[in-house]
Each structure stands twice: as structure tokens, then as C-alpha cells.
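Take a look at these structures.
Next, two complexes with chain A in common: one pairs it with chain B, the other with chain C.
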Partner chain A sequence: MPFVSFGFIAFLAALMLLYYLVPKRFQWMMLLAFSIFFYCFAGWTSLIFMAVTILTTYFAGAVIGRMAEARDSYIKEQGAAMDRDAKKAYKAKVKKRTYLILSLCLIVNLGMLAVIKYTDFGISIVNGIFRTNIGYLRFILPLGISFYIFQSMGYIIDVYRGKYAPEKNFARFALFVSFFPQLLQGPISRFDELSQTLYGPHDFDYQNFAKGAWRVVWGFFKKVVIADRLVTAVITLSGEPDVYKGVYVVALVLFYAIQLYADFTGGIDITIGVAQMLGIKVAENFDRPFFSLNVTEYWRRWHITMGTWFKDYIFYPLSVSPKMLKISKWSREKLGQAIGKRVPVYLSTIIVWFATGLWHGAAWNFIVWGLLNCLVIIVSQELSPLYQRFHKKFRFSNTKGYNVFQMFRTFWLMGFIRVLDVYRDVPGTFRQVGTIFTTANWGDLFNGSFLELGLGWQDFAVVLAGCAAMLTVSILQNKGQVRDRLMARPPVVRYALLIAAVCLIMVFGAYGIGYDSGAFIYTRF
Partner chain B sequence: MNKKKVVKIIAAALCAVLVLVLALWFLQRLLTPKYIDKNEEGLLVKEYYDYAGGNDVLFIGDCEVYSNFSPVRLWQEYGITSAIRGSPQQLIWHSYYMLEDTLRYETPKVVVFNVLSMKYGEPQSEAYNRLALDGMKWSSVKLRAVKASMTEEESLLSYVFPLLRFHSRWSDLRSEDLKYFFNTRQLSHNGYVMRIDVQPVDYIPRAEPLADYSFADTCWEYLDKMKDLCEKNGIQLVLIKAPTLMPHWYDEWDEQIVKYASDNGLCYVNTLPIAESEIGIDYTADTFDAGQHLNLSGAEKLSSWFGAYLKANTALPNHRGEADLELKWSEKIDRYYEMADAQAAQLERDGKLSGYWGD
Partner chain C sequence: MEELLNILKDIHADVDYDTCTTLIDDGILDSFDIISIITEVSSEFDVQIPANEIVPENFNSAAALWKLIEKLLDE
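Then we have the complex of A and B:
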């Protein structure tokens, strides 16, 4: 069931009504029932894949938890009869078993994801290398599988690490995996954070509810008014690369940056807003990323939960793994301290970014996208002493004007890397970007050619006004939540603004015949 | 939260909902096409409710009925009260549901169905669905009509709330959208759309042979339903093919309709072979678009002939002399000639017609 549909609004209305009417102890069960109902719209086969993840992760967690409990009580029972070495040996023995359970769970789930998502990519590589003609299997990607598998794997790894005890109640765990607002495009929640509010009980809190509703409306505005309006131009510009070169490539970078931002953050706003209306706190996924001064900062502020997931569950374990420690030792000996200490860090960074690219999609453009991000981060890291010296020497580097330049630079740098996502062809993307320097067609900006991309001047005016609204809200957020200030206004003002916002979305939204408002870009990842 | 505060919040929320509904209604009214200076035929279906009731004959079909038959002429010559329910490219299921809808307001003695739409077995275009369905008053009949007509890209909700379909017209808003916000203009004369200008037939394209001449099952189903509905309500169903030259009406199609009419004891008349010889249509003077539709002169000739045909084949009464009807129809006749005069004046002044109203 797409977020941008009247079916979803009716679904939400029914849920909200029942959620606050049933006895509080049944609220989470209501949520589970609605989540399953929501997911059923993606088809029964999708439900089977989710059931596999829920079952394997729940039971693996339960077994690991029981083993850990048995270990602790055994050690406690033994008391002084067990010396330190014996305890250590016993713990290692148990850890080996729990590691086996963890590995099995990871293999089943990540294997399932790999088979469904990457088989055809693997076949294309084999066909390319060995000149074979193996047919593609064309599996249909179950809705949200990348998100809920990563969320579940985070849970099982945390249980294995002893960060928290496993959830004992199967239905409650099923809700953690299937919680419908975050199924379409995340965020990738952590169990210890989400579970604090997920299971209630929740009294109806007007302030919370209204704030959540405002966020949902804001999300709809970004998605329907801005992102979906730009889709036509993005498809036209990327669909005919031979026609649209030079200045059009620059325009595509800009349009896609705005479209993706409005689409993804709009979807996340709807997710977090809906959860807030239910009294549930879902992790933030964005922190005004286009205000970032450099790429590292950008990745701390864009798709935050994915970034932290890769950091916590891949980067850190990889960096301290025995193999990496060996590499570290070897590189320090062979390459010297200065270079040697960087080798394991950069190696882990490369692996993480390779995985991040692969997570986004089974295609070379995503892998190259990940590795380009990695390259920029490593180069920035290497050049940081130079930057520091520059900043020390030139006073203007601490001014607001320079900060704006840095934001501008980061925005365009990320934009040019991101454009790989729309062309979906690595050499083609580089060729297109190259045409910026070889095609002198900047005059097209002023001769009306841009009005032949599927958008009229009125559409561009709406996008411009929408961007101005997003920028204003982002700037206002420097002084705290805009919604807090809104809630402090008299009811007449609040309601007038809400009515105006709904009317704006209804009129200026790009939905209906000829538009596909239901689809979010990140849903396909 | 105390009780007083809760009541206050609920009251404020309800007021806001009310204002929102009003605002959306306003926007919907503003953005829905007014069909005044473009696609004027969009007014036709809605206009029926102004002249519903007391019509002995109901014409249903596409432009071949609303451009070609003049109820005024039928009244003037034969005292037949009639109305047309037609819209551009009206498909047979549109026609069937319009008949059902009509029966909610009146039960005509004769229903005349133009068979050209038998050639379309699938919904053709969203635009024509809108022209046929938006003007229909809401009832279970309209609901079924919409469901039967929708193309894949359409949604039922957009018929319930046309704002969902027409919201994107914000960039096309014109002064007529404000001018006709509350009221509209009457286009038709009991469903007849008048054009007095002439564009003679100078070329008839060759009809390409078809791979399959059989009508779609859906069309036959709806024709059966129409026949059954008429039988059930004691209405005589008459099938007709209007004398327009394009689109081409194949002999193979005609044979199927002849057989159907004969099998079911229905009257069917294909006016094409007799258009010039019996009806007196002059294709150099009686059409305004080179043979696709008749102009006023052609429509009056056809109506004169068809009135006689109805008199001969049905038991329709002559209402001339009935005071209340005379009064009612005299007003219609006045409007009819006023529009004809206005069109003539514009034609003389500008050399062409820019709209139906002649202003």
C-alpha cells in the first residue's frame, strides 16, 4: 500500500481510531495486525520472506539468549570452584556455539537477500566474463527486504554481543520487524531504541499527535509537490543522453538532488510523523544534509541509520578483526607507522563503501557510486592537514561566506556522484559529465529549451517555491523544531496553516493520471 | 487534560475540518472545467436534468445523435416530445447507464439508440469517460457506470472528488473559471447541439478492410441489457444508424445489426443508403465538418424524415395543442432560433463560428 494514496490515509484513520480506543495493553497487538495487513498489499510471497526473517531471527535470538543465561548461571553456580582460566575457556566454548547460531541466522537471511537481489547481477558478470548465455531469474524484490533484514541482523548481532536480552514474546518481535511505517524505506531502527516506545502503552497526547500530523503533511508536501513534479524532467534528461548534454547534465544533477532529497526525506517525514501520532519514537534519518561542509559530514547527516548500521556492524568489527589486525601489523612493519596505520582503516572503509553501494542495488553504477564516495572521503582525509594549514593562513575560511561555498561544493560534488544512479551506466555517466566541458549550450538556459522537458514554467515556479519552503524550514530548524513554534501559536493560526498546507498539496501535487506518486525512490533499494 | 479542554480541542478540530471541506469544495468548483469555450459538449450530460420529464422519445448515443436530431423540429412537425442523451464518443455502456439513469426521472415511450458505438469494445479514453460521466447525477447507476467505464489509469475516487483529476488545471485557469463559478450556459436544445455553418463533403477516405468485423461480446451484452431494460419498462427500442459518412459504417457491421433487430423484433433503420434519395440530405450543404456531423439544415431534414418514420412505426401521440406543452416548447423554440440567428450573425461578421453561442 503506497504512502501517497487515499487507501493509506483511510488505513491510517482506521488505525488511529482503533489504536486509541482499545485498552492500552492491546495497542501493540493492533499495530501488529495493521502492519501485517499493510504488508499483505505487497503480496503473499513477500509475506513469506518476512516470515522467514522473523522466525529465524527470533529463534536464533532466543537460543543465543538462553545459552548466555545458562552460561552465566553455570558460572555463578560454580563460583569459586572455577578459576579465571576455566571461566575464560568455558565462555569461549559458549561463544563458539552462539557464534554458530549467529552465523546460521546471518547466512539464512543475508543469503536470502543475496539470492533475490544479486543473482541476476552475478549471472550478468559470469555471462560477461565467460561469454555464456545463462538466463536471468528475474526475482521480484519483496517490499522493504533490504530494510527489515538489516534491522533484524542488527538485532541478532546486538543480542550476540550481549548488548541487550532477546525479546521473549514472538508477536512483539514480529512487530519490531514488521512495523509498517518504516517498511517502505526505513529508517533502519535499533531494537533497544525502538522497543522503548513501540509496545506502549500510549495515552492520546494531543501535542504529540498534532506534531506528528504536521510532519506527515510536510512529508506529503515534499514528496507530492516537489519530488514527483521533478520526475518528468529527470526521466527526460536521463532517458536521452545523446540529446541532453552539457548544461542539461548540470540541470539533471540539480534536479535529481532535489528530487531524491524531497522524495526520501518526505517519505521519512511521513514515517516518523505517523509513528509520532501513535506515540512511538523512530530514529531520525536526516539532519539537513545539504548544509554539510564536507562529504564526511554529509554522510553523518544523510541516511543516518544506514550509515551507523554499516559503521557498527561492518566497519568496527572489520577494523578489529584478527585478519585486519594482522594486516595492520604487517603494513606498519613494511610501510612504516605513518602509512601502515592507515591501511587497515582505509581497507575497512573501502569494504564498507563497496557494501553500501551493493546494498543500494545490484549494478555496477551503485558499486562505483559507493567507491567514489569512499575515494572522496579518503582523499579528504589525506588532504586534511593541507586544509588545516589553509584555514589557519586565510582568515576568510572561517566566515559564513566560505561556509556557504563549502556547502555549495559538497552539494555539487555529491550531486555529480549521485547522478550515476539515474544514468545507470558507469561509462555513460562519465561521458555525460564530460560533455559539460565540451558542449557549449549554456544559452539553452534562456531560450526556452528547458520548457520542453515536460515541465512548464508554472511547474518550475512550483518547484522553486517548494525549494524555498524547504530551505526556510531548514534554516528555521537552527533554532529548534519548527513544529514546536507552530504549536505555540493560537489554534486559529495553526489550523489555518494546516488547511492551507492540505489545499496546497491537493492543488499543486503532481499526482493522478500520468504520475506515479505511490513509488518512493528508496523503496526499490 | 480536563474535560473542558478536550471539548475545546474537539470543537476546534471539527471547525477546521468544516473549513477544510469548504476550501476543497471551492477549489474543486474552481478547477473543474466549465466547458464554455472549449469542449462545450462536456455540458450535455448535466443539462439533461433541466429538461428531464415528459419526453416520449429518448435518443441515446454519441455525436451522431446530439448533432443530427432536432427535438424542436420533431415537436414542430409531429408534436413529439423528445430529448437526447449523448456525449462525444459515448460508448454503449455509457448509453446503457444513461438509459438507466433516465428511468429515474421519466419513462419514455420510445428509445432510439444509434449503433455506431457497437464498434468500440473497450474503454477508449479517459477524456471521453469524463465528458460522459462527470455530468451524471450521483446514484448507484452512476457508480456502476463509472466502474464499467474506467480505463486502467483512472480511479473511482477521482469521479467522487473531481478535484483529484482536475487539480492540475491550476496552470490553465482562465477568466471563465471565475465567471462561471456558480452558473453556466445552456448549450443544447433538449440535447441537440446546433451548428449552422457548412463544410461540404469533398473527399471520403477509402474504408480499409478489417481483419474481423464482429462486434465485441461486451457490446452485444450491453445491447441485450438495453433491450431487456426497455422491455421491462414497456419501452419500444429503435435502432438507428445516422447518415454521417465518417467514420465508415461497414456493410458487415450493418448485417449483424439487421440480424439482431430481426431476431429480437426491433425496428432498425440505416439511414446511410437513403440519406440523399429519401431524406434529402445534401452533403455539399448539410454538414459542418465534411460529412462527420450534420449542420442545422441537415439535422432538420433528418428529423423531419425520422418523425414520419416514428409515426409510422410506433404509437407516439401528437401533443400539439396541449397548452402547458405548447408554452414549454415555445420557449425552447425561441431559444433555438435565437441561437441560430446568433450563429448566422457571427458567421456573417467573422466568416466562421468560434463557438456554439455565436458571441
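Then we have the complex of A and C:
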């Protein structure tokens, strides 16, 4: 069921009503029932894949938990009879067993994801290398599978590490995996954080409910008024690369940056807003990323839960693994201290960005996208002593003006890397970017050619106004939540503003033909 | 502790590790720095810091990191 549909609004209204009417101990069960109902719209087969993840992760967690409990009580029982070495050996023995369970769970789930998502990509590589003609299997990607599998794998790794005890109640665990607001495009929640509010009980809190509703409205505004309007131009510009070169490539980079931002953050606003209306706190996924001064900072502020997932579950374990430490030792001896100490960090960084690219999609453009991000991060890291010297020497580098330049630079750099996503053709993307320097068509900016991309001047005016609104809100957020200020206004003002915002969305929302206005870009990942 | 301070000073010479207790919270150490520290600690003290111990509480100050190393050496 798409977020942007009357069906979803009716679904939400029914849920809110029942959620606050039923006895509080049943609230989470109500949520589970509604989440399953929501997911049923994605088809029964999708439900089977989710059931596999829920079942395998729940039972693996339960077994690991039981083994850890048994280990602790055995050591306690033995007391002084067990010396330090014996305890260590016993712990290592149990750890081996829990590791086996963890590995099985990871293999089943990540294997399932790999088969569904990457089989055709693998076939295309084999066909390309060996000139074979193996047919594609064309699996349909179950809705949200990348998100709920990563969330569940985070849970099982945490349980294995002993970060928290496994959830004992199967239905409660099923809700953690299937909680509907975050099924479409995340965030990728952590069990110890989400479970604090997911299971209630929740009294109806008007302030919380209204603030959540405001965030949902803001999310709809970003999605329907800005992202869904710009999508027409993005499709036109990327669909005919032979026609749209030079200045049009620059325009595509800009339009897609705005579209993706409005689409993804809009969807996350709806997710977090709906959860807040239910009294549930979902992790933030963005922290005004276009204000980032460099790429590393950008990735700390964009899709935060994915970044921290890769950091906690791949980057750190890989970097500090015994094998990597051995490589580090070897490279220090053979290549010297300076290069040697960089090897584990950079090797892990390359692997993580390769995996991040692959997570986004089974295609070379995503892999190259990931590796280009990695390249920029590593180059920035290597140049950081130079930057520091520059900042010390030139005073203007600490001014607001220079900060704005850095934001501008980061925005365009990320934009040019991101455009791989829309062309979906690696050499083609580089060719197109090259035309910026070879095609002298900047005059098209002023001769009305841009009004032939499927958007009229009114559309561009709406997008411009929408961007101004997003920028204003982002700047205002420097002084705290804008919604807090809204809630401090008299009720008449608040309701008038809310009605005006809803009318604005209905009047200026893009509901054209030719694209699915309900689909979010990140849903396909 | 002296060896640990030397490792940390190699990473960021301008930080006062005796008083700073917000190395992670204030973004002084990033993930690259953390891995460099762990690698150095591993070769200096012959102790492996597992991934689940890479949490802000253990890396926010030199004292906290020293406490972690002592705990791991003791295990």
C-alpha cells in the first residue's frame, strides 16, 4: 500500500482510532495486525519471505540467548572450582556454538536476499564474460526486503554479541521486523532503541500526536509537491541522453538531488511522523545533509541508519578482525609505518563502500557509485593535513562565506556521483558529464528550452517555492524544532495553518499521468 | 598509560587527552582514527579490541580506553 494514497490515509485513520480505543495492553497487537494487513498489499509471496526472516531470526536469537544463559549459570555454579583459564576455554567453546547459529541465520537471510536481488546480475556477468546466453530469472524483489533483513541481522548480531537479551515473545519480535511505517524505506532501526516505545502502553498525547501529524503533512508536501513534480523532468533528461547534453546534465544533477532529497526525506518524515502519532520513537535518518562541509560529514548526515549499520556490523568487525590485524602487521613490516597503518582502514573502507553500492542495487552503476564515494573519502582523508595547513594559513577559510562554498562544493560533488543512479550506465554517465565541457548550450537556460521538459513555468515556480520552504525550515532547525514553535501558537492559528498546508498539498501536488506518484525511490532498494 | 597517550598523540597531537572526555561525542575521533588506534593498541599491548567494544563510552577519553585495555588484558 503506497503512502501517497487515499487508501493509506483511511488505513491510518482506522488504526489511530482503534489503537487508542483498545485496552493499552493490546495496542502492540493491533499494530502487528495492521502491519501484516499493510504488507499483504505487497502480495502473499512477499509475506512468505518476511516470515522466513522473522522465524529464522527469532529462533536463532532464542537459541543464542539460551546458550548464553546456560553458560553464565554454569560458570556461576562452578564458582571458585573453575580457574581463569578454564572459564576462558569454556566461554570460547560456547562462543563457537553461538557463532555457528549466528552464521546459519546470516547465511539463510543474506543468502535469500542475494539470490532474489543479485542472481540476474550474476547471470549478466557470466553471460558477458563467457559469451553464454543463460536466461534471466527475473525475481520480483519483495517490498522492503533489504531494509527488514538488515534490521533483523543487526538484531541477531547484537544478541550474539550480548548487547541485549533476545526478545522472548514471538509476536512482539514479528512486530519489530514488520512495523509498517518503516517497511517501505527504513530507517533501519535497532531493537534496543525501537523496542523502548514500540510495545507501549501509550496514552493519547495530543502534543505528540499533533507534532507527528505536522511531520506527516510536511513529508507529503516534500514528496507530492516537490519530488513528484520534478520526476517528469528527471525522466525526460535522463531518458534521452543524446538530446540533453551540456547544461541539461547540470540541470539533471540539480533536479535529481532535489527530487531524491524531497522524496527520501519526505518518506522518512511520514514514517517518523506516523510513528510519533502512535507514541513510538523511530530513529532519525537525516540531519540536513546538504549543509555538510565535506563528503565524510555528508555521509554522517544522509541515510544515517544505513551508514551506522555498515559501520557497526561490517566496517568495525572487518577492520579489527584478526586477519585484518595480521595484514596490518605485514604491511607495516613490508611497506613501512606510514602506508602500513593505512592498509586495514582503507581496505575495510573499500569493502564497505562496495557493499553499500551493491546494497543499493544489483548493477554496475551502483557499485561504481559506491567506489567513487569511497575514492572521495580516501582522497579527502589523505589531503586532510594539507587542508589543516590551508585553514591555519588563510583566515578566510574559517568564515561563513567559505563554509557556504564548502557546502556548495559538497552538494555538487555528491550530485555528480549520484547521477549514475539515473543514467544507470557507467560509461554513458561519464560521457554525459563530459559534454558539460564540450557542448556550448548554456543559452538554453534563457530561451525557453527548459519549458519543454514536461514542466511549465508554473511547475518551476512551485519547485522553487518548495525548495525555499525546505531551506527555510532547515535553517530554522538550527534553533530547535520548527514544530515546537508551531505548537506554541494559539489553536486558531495552528488549525488554520494545518488546513492551509493540506490545501496547498492538494492544489500543488503533482498527480500527473506517466509515473507512479505513490512510489518512493528508496523502495526499490 | 604513557604508551597509550603516545598512540593517541600520534593521531591528533593538538588534543589534551588528560582532560578531554568527549573524543567521540565532539567528533574529535572519527572511525578512521578509531581503527588506527585499535591497530596500534593491538601491536603495542598484544590485546584485541572486539567490534562490540567500539562504543562511545570506551573511546570518549584516554582514561576510558585505558580501562578497556586493562579489562581485556585481565580477561
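Basically, the second predicted complex is superposed on the first by the 521 of 525 C-alpha atoms of A that agree within 3 Å, B and C clash if a C-alpha of one lies under 4 Å from a C-alpha of the other, contacts with A are read in each partner's own complex, and residues count from 1 in each chain.
The rule is short, and it goes like this: a residue touches a chain if its C-beta (ideal position, glycine included) is under 8 Å from a C-beta of that chain, and two chains touch if they have at least 3 such contacts.
These numbers come from a predicted model, not from an experiment.
> Determine, under the contact definition given at the top, whether A:312 touches first (chain B), second (chain C), both, or neither.
second
> Regarding the shared-chain residue A:503, is it in contact with chain B (first), chain C (second), both, or neither?
In the superposition, A:503 contacts chain B only.
> With the two structures laid over each other on chain A, which partner does A:344 touch: chain B (first), chain C (second), both, or neither?
So A:344 only meets chain C here.
> Let me test your reading of the model: by the given contact rule, A:329 touches which partner, first (chain B), second (chain C), both or neither?
A:329 sits against chain C, while chain B stays out of touch.
> Just to be sure I read the superposition right, which of the two partners does A:94 touch: chain B = first, chain C = second, or both, or neither?
A:94: touches no partner chain.
> Classify the contacts of A:296 with the two partner chains as first (chain B alone), second (chain C alone), both, or neither.
second
> Counting only touches as set out at the top, which of chain B and chain C does A:320 meet: first, second, both, neither?
second
> So in the complex, which bits of chain C are touching chain A?
Contact set of chain C toward chain A: 30-32, 34-36, 38-40, 42-43, 48-52, 54, 75.
> Residues of chain A touching chain C in their complex?
It comes out as residues 88, 161-163, 296, 311-312, 315-317, 319-320, 322, 325, 328-329, 332, 341, 344-345, 348-349, 381.
> Enumerate the contact residues on chain A facing chain B in the complex.
Touch list, chain A to chain B: 6, 206, 456, 458-459, 491, 495, 498-499, 502-503, 506-514.
> If you look only at chain B, which of its residues touch chain A in the complex?
Going through chain B, the ones touching chain A are 1, 9, 12-13, 15-16, 19-20, 23-24, 27, 31, 126, 153-154, 157-158, 163-165, 167-168, 170-171.
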